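Written below as structure tokens is the structure these notes are about.
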Amino acid sequence: MLRLNALPPEIQDSVAETQRRVASLHKELTRNRLVVWTAGNVSERVPGSGNAGVPGLFVIKPSGVSYDALSPEVMVVCELDGNKINDGTADRLQPSSDTAAHAYVYRHMGEIGGVVHTHSTYATAWAARQEPIPCALTMMADEFGGDIPVGPFALIGDDSIGRGIVETLRHSRSPAVLMAQHGPFTIGPDAEAAVKAAVMCEDVARTIHIARQHDDVRRIDQELIDALYRRYQRAYGQRN
Amino acid sequence: MLRLNALPPEIQDSVAETQRRVASLHKELTRNRLVVWTAGNVSERVPGSGNAGVPGLFVIKPSGVSYDALSPEVMVVCELDGNKINDGTADRLQPSSDTAAHAYVYRHMGEIGGVVHTHSTYATAWAARQEPIPCALTMMADEFGGDIPVGPFALIGDDSIGRGIVETLRHSRSPAVLMAQHGPFTIGPDAEAAVKAAVMCEDVARTIHIARQHDDVRRIDQELIDALYRRYQRAYGQRN
Amino acid sequence: MLRLNALPPEIQDSVAETQRRVASLHKELTRNRLVVWTAGNVSERVPGSGNAGVPGLFVIKPSGVSYDALSPEVMVVCELDGNKINDGTADRLQPSSDTAAHAYVYRHMGEIGGVVHTHSTYATAWAARQEPIPCALTMMADEFGGDIPVGPFALIGDDSIGRGIVETLRHSRSPAVLMAQHGPFTIGPDAEAAVKAAVMCEDVARTIHIARQHDDVRRIDQELIDALYRRYQRAYGQRN
Amino acid sequence: MLRLNALPPEIQDSVAETQRRVASLHKELTRNRLVVWTAGNVSERVPGSGNAGVPGLFVIKPSGVSYDALSPEVMVVCELDGNKINDGTADRLQPSSDTAAHAYVYRHMGEIGGVVHTHSTYATAWAARQEPIPCALTMMADEFGGDIPVGPFALIGDDSIGRGIVETLRHSRSPAVLMAQHGPFTIGPDAEAAVKAAVMCEDVARTIHIARQHDDVRRIDQELIDALYRRYQRAYGQRN
């Protein structure tokens, strides 16, 4: 088992900072009411890992632990095969039961630095029907660049879920996939971006669900979606 | 009337710890918006009671008292016939008006250590229609192992509600029952597990209700439900 | 204009206590999400007023003031004709624009000590359709003793709203009326009871609305409603 | 670039006070759940600007900044062409990506002092269907004086959105417009009034949406709407 204290000091520091970020980002899941009890998780690839002889690492929520109890120290550090490393504490917690899916994404999508999984109500309702969310709002064109796609039905326990996520998102602009009869997974360059995608995914899932209750909504024309997506990705927020 | 201070000291300590747990778990009902005003309650069997000459005991919310006012000391201690014991305070509160139903469960299901009752919106809506919630989400297979069943219409005032709960759940994997035109009751090995079941019951009731607003949802195949349930019951969370 | 300091000292004390209760009960409107911005109000008859030469008095929210700014001192004291009294402060606020409706209730229903008005979402939705809420849940039988009735469409500005409330509720067990295309008014022996009725009214309005989205719900048989109502009114809560 | 410290001292003070108000009013967007993540903004015209040689100015949220981080100092000061001024800080933030729309309103509607944009769920659902909200509640007659109209579909990036807002609202009593497949914009004499309109717009959008789920709702007769609107605009709240 890989030992944390055998890694270069700058990687140990990077692990600790990642644990702080991941612990803190779980608060956004509860604040935005994307999760109940312990059913949702955030992970982030450790910056600097996966190079120069340091194996790829990511940090993820421990399994079944209440969101109130998520301090940085209890966040679990794993290698890209999904096995946790030895961080020197006697009482190491088990990582999330979704760890294999997160790990699969990190192994197969090198540009991805953050993964989030929730069972947020409206996104999961579309997933239950196995129906993609049509791109009918400008905000959805901005963030998702098109429809939010549905992934396959997959059982937990092997690579099925991870493979379903990667195969669905690899050729999509959407950072979100609705896994059939399960719930949304979102990805991003870092954990904060994946959390933002989870928040926005639930928001558009809810708004378009409600809009359709009284009449059909029409998808925005593809060329307008393209124009909105390109502008937003380039111009929104603060450029450093 | 049984006197608390006539019980062995270790049982008196166990009562006090149970009062603390039960008082604290009521906060989860309000936090998860499962209750309004005073309409919902948690109880827990006192560990160690029911053996060696000590009668079976459980702790339950007092009737009609605001959730803000629920300190451990006001939680009512009852015998398994539903009568409160004399805990030495002059101004003993009356237990929840649902006490008889909780007591019936403890008398007839020896392995059950916690019972929760709410009128949470979506679960109660299924109860109003007397329709079981179909197992259409992996999370529901994990926690409930199948559909959430409906219990009979029963009036308060005798053992009808308790008997309806026990007869419905005795041969079910589900820890939740939707009592017709009334609301959900949930059970578990302890009060925390019963509270978790109440939270999850409302969550799946809401998600599947919403999913069905735009099209039918399909039940997961029974063998897949079985596989999910077995894995979750065995592998989720931290094993001590 | 009646002067507060010309009233007997015990009535002045009773006014001050009523102001504290009414200010505090407005927090339940926001906590239970029954109101937005400034659109909802609580009033209470001043205990001891209306006897022995002291005119009848009630305390009500000032018009258009944010819920955050509701201290006891800003609560307005009115006579039963709806005119505010001179409480000795230079900068007296105007009472709620619904004051005439509250005053009408106090003048015509001597046993009523509290009135609440909100535009809570689901109750107002039934009011928009002018449809009574059918008594389809045991909790509704307990609290309302039957359906929640609809009152007439009435313009603000004279006694129309008050008269509509009184004529609808005078011969009903329900403490709530849905004023057509307007919203619910609730009454009770004191302001806390009227607030409880407002909270429960929204809760059953929401649950039965949602239940009906997938199928009809059936009204509970009248004799069972009667049994539930009588028991709840007699046995619920703590008897002093 | 205009420099803040080249303006008269009383205008500099007015800018600072406007920054405080605008920063604080964003808290109402989150408290009323009108926004998620960073997707919504408030602006206000600087009182005293636009006269006596001082150019017209307004204050608006910076782009992509979390609501938790909105202190008065980070609120961006712009001229009426939408360009930010030099306020003497080295690290000036970019204004909201909706700044051009706000600026267009201030240039073309001289009486307007505040603008708010959100993607609040129910208002945006009506906008997705491009359907005006019918005036079916007395509260809606009070605040909006009729239906809430739909504006055109418009791309971000030039004056299209601003022009759509102004052309729709110029001849309407409604302070809210639902921009097609985008979301609501609201206006008012100051920012607080525009925020109130955003809160009330979402509230009536939600209530009337829900009312219609079980049957049609009827529009209030125009003469009654007129009577309610005139009374509310004249008599509600505290007159100074």
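So that you can tell them apart, the chains are marked A, B, C and D in the order they are listed, and the count of residues begins at 1 in each.
Assume a contact is a pair of C-beta atoms (placed from the backbone, for glycine too) under 8 Å apart; a residue touches a chain by one contact, two chains touch by 3 or more.
Keep in mind that this is a model prediction, so the values were computed, not measured.
Enquirer: According to the touch definition, list the chains common to the neighbour sets of chain A and chain D.
Expert: Per touch definition, common to chain A and chain D: zero chains.
Enquirer: Look at both sides of the chain B and chain C contact and report whether the same residue positions are involved, with over half shared, or different ones.
Expert: Since fewer than half of the residue numbers are used by both chains, the interface counts as different.
Enquirer: As a quick test, compute the distance in whole Å between the mean CA positions of chain A and chain C.
Expert: Comparing mean C-alpha positions, chain C is 47 Å from chain A.
Enquirer: So how far apart, in whole Å, are chain A and chain B when each is placed at the average of its C-alpha atoms?
Expert: 33
Enquirer: Of all residues in chain C, which are in touch with two or more distinct other chains?
Expert: Counting only residues that touch two or more other chains, chain C contributes 213.
Enquirer: Write out all the pairs of touching chains, ordered by chain label.
Expert: Contacting pairs: A-B, A-D, B-C, C-D.
Enquirer: Give the list of chain A residues in touch with chain B in this complex.
Expert: 36-39, 62-65, 93-94, 97, 119, 121-122, 124-126, 128-129, 131, 155-157, 181-183, 209, 212-213
Enquirer: Can you name the residues of chain C that touch chain B in the complex?
Expert: Counting only chain C, the residues touching chain B are 32, 136-139, 196, 199-200, 203, 206-208, 210-211, 213-215, 217-218, 220, 224, 227-228, 231-232, 235-239.
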